[in-house]
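What follows is a structure written as structure tokens; I'll ask about it next.
We just call them A, B, C and D in the order they show up, numbering each chain from 1.
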Amino acid sequence: MADAIPFIEILGYWLGIFLTLAILSFLYKDNPFYKFAEHLFIGVSIGYIITQQYYDVLEPKLVDRIGVPAWHVLLVVVLFLVALGCAAVAVRRRSPASVATAAAAVFLLAGAVYSLFQSGNHQELGPLVSSIDWWIGLIPLVLCLMMFAKSVSPRWSWIGRYPLAFVVAFYAALEVNGLVQADLGAQMQRSMADLDREKVNINEATPEELTQLPGITPPVAREIIEQRAEQPLSSIDQIEALPGLTPAQRATIAEERGHLIGLDARAGTEPGQRNWFRIFSEVLLLLGLLASLVYFYFSIEQKGAVGKVSRFGVWILMIGFGASFGYTVQGRLALAIGRAIDVMGKDKDPALAERIQGPLVAGISILIIVVGIALWELKLRRAGRGSAGGPDAA
Amino acid sequence: MNLVKKQLPLLIGMAVGVLVLAEFYVPASWLDVTREELLTFAQILAAAAFVLGGVNLIQVNYPKIRRREEDWQYKVVLLAGAAIMFAVGFPWQDIGENPSPGQVTVVDGAAAASGGAALLRVEATRDNALVKVDGGSPQRAVVDGRPLELELQPGAHTIHVYMPAVGYGELRTELEVAAGQTAVARAELPMLWGPSGRVRTWLYNYVFFPCQATMFSLLAFFIASAAFRAFRARNTEAALLLGAAIIVLLGRAPIGRFIYDALPEITNWIIDVPNNAGRRAIMMGAALGGIVTGLRVILGLERSHLGSE
Amino acid sequence: MDKGRVHNRPSLIERLQGFDRRWIFLAMALAVVGPLLRPCNLPFKASPMVKALYNTIDELEEGDVVYLSADLDPPATPELEPFFRAVVLHLKRKNVKIALGSTWYAAPPLIERWIRDVVEPQIARPGEDGYQGAPDRPYRKNEDYVWLGFREGKQAVINKLGSDLWGNYDGRAADGTPLDQIPFMKDKRQLDDFDLVILLSAGSPGAKEFVQQVQTRYNIPMVASVTSVMTTDLTPYYDAGQLLGLAGGMLASAEYEQLVGLPGLGTQGADVLNVGQIVVILAIVFGNVIYFASRRRRRFS
Amino acid sequence: MSAGGTRAAAWARRAAFLVAGGALIALAGAAAHNMAETALFAPSTWFYLLVIVTMGVALYVYIARIKKSPHDVFIRKIPGVDAIEEAVGRSTEMGRPVLYVTGVEETQNIQTVASLLILGHVAEMIAEYDTDIRVANAYPLTMVLAEEIVRQGYANAGRVDAHRPENVMFISSEQFAFAAGVNGLMVRERPATNIFLGRFFAESLMLAETGYVTKAIQIGGTAEITQLPFFVAACDYTILGEELYAVSAYLSREPNLLAQLKTTDLIKAAVIVLIAVGALVATFGESLGLGDFDLGTWLMP
């Protein structure tokens, strides 16, 4: 049904392709196309964030709970503050103007509160207001308003400390409890494990233990359990030869064999079989962990034996960083691949891709951007400003 | 004023912190209830902070336009983008009467239908509308400028008329027809505004989405150049990092197996053993650091986040 | 003087060091686009962490309910969308109900699109090229799946999911349907009530925060598919049994596609990864060759 | 003023005492009230509570001790810290500003807190050297704090007049818009020193790369481990993970921070010993006559 898709959508795809290339033009240098796309994106994202946060969080959690439109409550709060402020000034200076303003504010406030109760749309407000729950619902509103105080006047910035103190302490407490369990406790527990864990005895193991083994999927595990009920297996080779397996399963198991890290290393047919490579790995895991912890121990100069240990720890850390680097490169590449797939229409229905003509549109966009940048550079050169800075301008 | 300006916020922070901290260790139900409330407050404040961020950005950018600072034209684009996205995010159709997506009426007489069948006529106001009957494959509602007519077996049917794009109302009804009757589905399919509305989704799909994704994809290029120009085996540590990186890069690509068939296994071992050892040490160290910093905030020993007078 | 002039002329190595990096950008662009035009489809096999994830999901039974948290934004789609498609197909084949939620504001329109493209229609049609294994069936909104929407709050929202999922979503789905009218959600009051939690994470808050805030505390069965970048951050959690399976990045998504028999975007991308990664490796090697060569020259002169 | 200040402080202390005492009494009372239905304490959490309480107590003890004799505290040298002053000096010579990026997290993040602490000292250093600073923030709240902290730094150096609030900027909370904004800043203003401290995600590479090209001295530090390889790669000095927290203590010699470092070290030493003992017991327990005793499970049932 690609032909039914409205033209405005196709136009959208074209715009997307153009913006993609406009941003990629940053790779040549910072230029008006990039700046345009960037600013458009920032602007759109601001509008997007505000509306999304309002409809998904502020409306259900704040506005709906109060039961009246937020602006109405806001009005009451503002009027209240005005009245309070004027009253304070009036008491101190005894000025008639502020007395009058305060009186007016109180009058309006009374009106606003009255309308709160009387407004036809919110007849349930009466019982709401009498519940403690409703008043608790006002607290976050007040905190929000306090947060906005600084935007109104820098002199009020101290008001913002209340919500800030709340938020920082709150998240700190959440994080402390999370860290102590997941990142400290659970990791300690894992590190205190038996270094010499025996091979999984396939004649005794539970289905869960079996499926942990390489190449053993739940159906294969069921086969093993059936088989061993009749007669215990005498070697790992027998798994491959189980009668109920599909050729694909058999091929997978054959691929996963291997005495160092494969199936043979992890599974045996008798109790108490040692897995020497596993022991080596577990010991290295433990020593590497302890040495790296020593590196992050700050109360001792890293000389002599301690220095050697922590140097070993740094090596372990660096190998880990290398692994991390490899994964990160892959992730970044995937981002570019994703854009290429999208622009070339490889992820779309062929009929739709036919209508979009991604590569052609990309070519035209590149042409527009190249000509545009050339003209822009020409103009800059005429103006005597030389070439504008870009990522390679050093 | 120091009390109101400094000590009281700190005390509130302490109280909140202790409550949330204690909740995990003390299984008292009132603590649970309090925690739930506080969680909601925190969520609201987090959302409001984003709104504040938007307001601040406008506060920052508007003077730049007024003062005609360098690149002020782009700030206009920025503010216009924000204003448009903000405006289309409001569900305008909710003001006044909500437009209906259409209705189905069943009338007697089905001239074009063969004996014993009923007829469905779809009168869609939009040329691109699609029709699905009983969850089958979609059909265009307007064929060569004429409304689609379909034969229906007598009995109950579900009719779904919709647009092949997001942000329109859709007509989804169940109807019952007898032989010789005609069901007329008038589908208005009004365009919707608001969070899942037409224009907002369009802007998300074709501006927000490609821009954000492309911003990230610049990294693929930067990483290649960093690899060429900055990634050096300056010393043992860097050499180890490099070596592990190259092994993992090869081992985590399909081509690794063709170079040396144990490469994926070696990669898995690097991830499982040295990587996990170092990573776990960092994790535990960071956890300890995080706990103490958190405790300092909760105990009120840390007040830099509140700024100074 | 002559000598000095010779010295002033940039040597090959010095010229290579001043090499305009935009050539590398161009090489990278070609490395990404080229293999898409000419795929070579090298085979690969699933790694243990991905297999563990697959097995965990395979053990679910008909009628089970999973909570799928998609904490991501557009840039994560190349890596996580293939996984989403594959895992949803897997769940649909097993007739498992899905509750979708998110803690990222950038996600909702994206997830709504995925629901339309992947969750609602039938994706594995028998007899169609490329698809292997059983077909799935179309999923109906609020009967087979529910889209709960997005809520802000970083750790707070995750913590809240752990203790009061209904409260977090204010008792209703994203389309406004009250949760107590959705039969399979009736007794799913908190994360612990679900049979499995599947995380698709592109950063923070994400899998790490889920493990910290709820998994360890309530001992919730949890698996995660994350972007490549986050993978090594999370392997200790997998190793310690906090995550029952972990898929990291595009290749892992491709491996999952292979396991469920739905070759798609991930498999397409895995092909391109080969060339891209070789380009990066060559860049590292050449960069270092130049570095060491210039260092030796400096030492001699 | 000072008299009023002390009096207010005294009142504040009294109030704090009252509130804290009241909270404790309330807690105890409510707990007692709840005793009938639930236990006062969840026994399986004893180890976590022990860790937290020990840390809290150790923190106070260390603070008291350090206040008494601040110079007895030993902290090992942290490579990369001395580099900050050197880099600021070079910036002064070149007459170019120092760019300080506080990371892309909000204020509640502990890394952001550490970064802001270090910012205070950097700002003071900069005021003393009479150099310019630019602070880039990803969140409005961070900007608010950073501005006050920089102002305080200038004040400590006695140069409040030189502080310009517009040098502390909110760029964007959209990660990549932020990176692009900071990159633009680097290209335009060409800071001679870039300091990236705090929590960083994918943008670390973009920042460090552009900084590398503008030939700035770069100091990078984050506890976000996935980003460290890039800081190691492209920065002149790297502050690894937890060292970030140590730096703020090292620079300020402030009792609070030193106590924090000492407390972590104390527990860390205990953890090292516990893990070593636990692993040995688990492995050789049977030959030692301990049977199936497992320290890990005993501590955290």
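A few points about this structure:
The rule is simple: a residue touches a chain if its C-beta (ideal position, glycine included) is under 8 Å from a C-beta of that chain, and two chains touch if they have at least 3 such contacts.
Everything numeric in this text was worked out from a predicted model, so none of it was measured.
Taking the mean of all protein C-alpha atoms as the reference point, the chain centroid lying nearest to it belongs to A.
Of all chain pairs in this entry, the one linked by the most C-beta contacts is A-B.
Each chain gets a centre from the mean of its Cα atoms; for subunit A and subunit C, those two points are 11 Å apart. For the pair subunit A and subunit D, the distance between mean C-alpha positions equals 21 Å.
Chain geometry summary: the mean Cα position of subunit C and that of subunit D are 30 Å apart. Shared contact sites, meaning residues of subunit D that touch two or more other chains, fall at 48, 51-52, 106-108, 110, 141, 144, 172-174, 176-177, 180, 202, 205, 209, 213, 225-226, 229-230, 232-233, 241-242, 264, 268, 271. Residue positions 21, 25, 28-29, 32, 45, 48, 75, 77-78, 105-106, 108, 151-154, 156, 159, 217, 229, 232-233, 236, 239, 249, 251, 273, 276-277, 280 of subunit C are each in touch with at least two other chains. Listed for subunit A are residues 26-27, 38, 41-42, 45, 48-49, 52-53, 56-57, 61, 157, 164, 167-168, 170-172, 174-177, 179-181, 183-191, 286, 289-290, 293, 296, 317, 320-325, 327-330, 332-333, 335-339, 392, each touching two or more other chains.
Those residues of subunit A that touch subunit B in the complex are listed here as 1, 4-6, 8-9, 12-13, 15-17, 19-20, 23-24, 26-27, 35-58, 61-62, 136, 139-140, 143-144, 147-148, 151, 157-158, 161-177, 179-180, 183-184, 187-188, 190-191, 258, 260-262, 281, 284-293, 295-296, 313-330, 332-333, 335-339, 342.
Of all the residues in subunit A, the ones that touch subunit D in their complex are 26, 30, 38, 41-42, 45, 49, 150, 157, 160, 164, 167-168, 170-172, 175-177, 180-181, 184-186, 188-196, 286, 289-290, 293-294, 296-302, 317, 321-322, 324-325, 327-328, 332, 389-394. Residues of subunit C touching subunit A in their complex: 20-22, 25, 28-29, 32-33, 36, 45, 48, 51-52, 55, 58-59, 75, 77-79, 105-106, 108, 149-156, 159, 170, 172, 209, 211-213, 215-217, 227-229, 231-233, 236-237, 239-242, 248-251, 265, 268-269, 272-273, 276-277, 280. On the subunit A side of its complex with subunit C, the touching residues are 27-28, 48-49, 52-53, 56-57, 60-61, 64, 170-171, 174-175, 177-179, 181-183, 185-187, 189-190, 211-212, 214, 217-218, 252, 255, 320, 323-324, 327-341, 344, 346-347, 392. Those residues of subunit D lying in contact with subunit A across their complex are 47-48, 51-52, 74-78, 107-110, 141, 144, 172-174, 177, 180, 183-184, 187-188, 202, 205, 209-210, 213-215, 225-226, 228-230, 232-233, 240-243, 246, 261-262, 264-265, 268-269, 271-272, 274-276, 278-279, 281-283, 294-297, 299-300.
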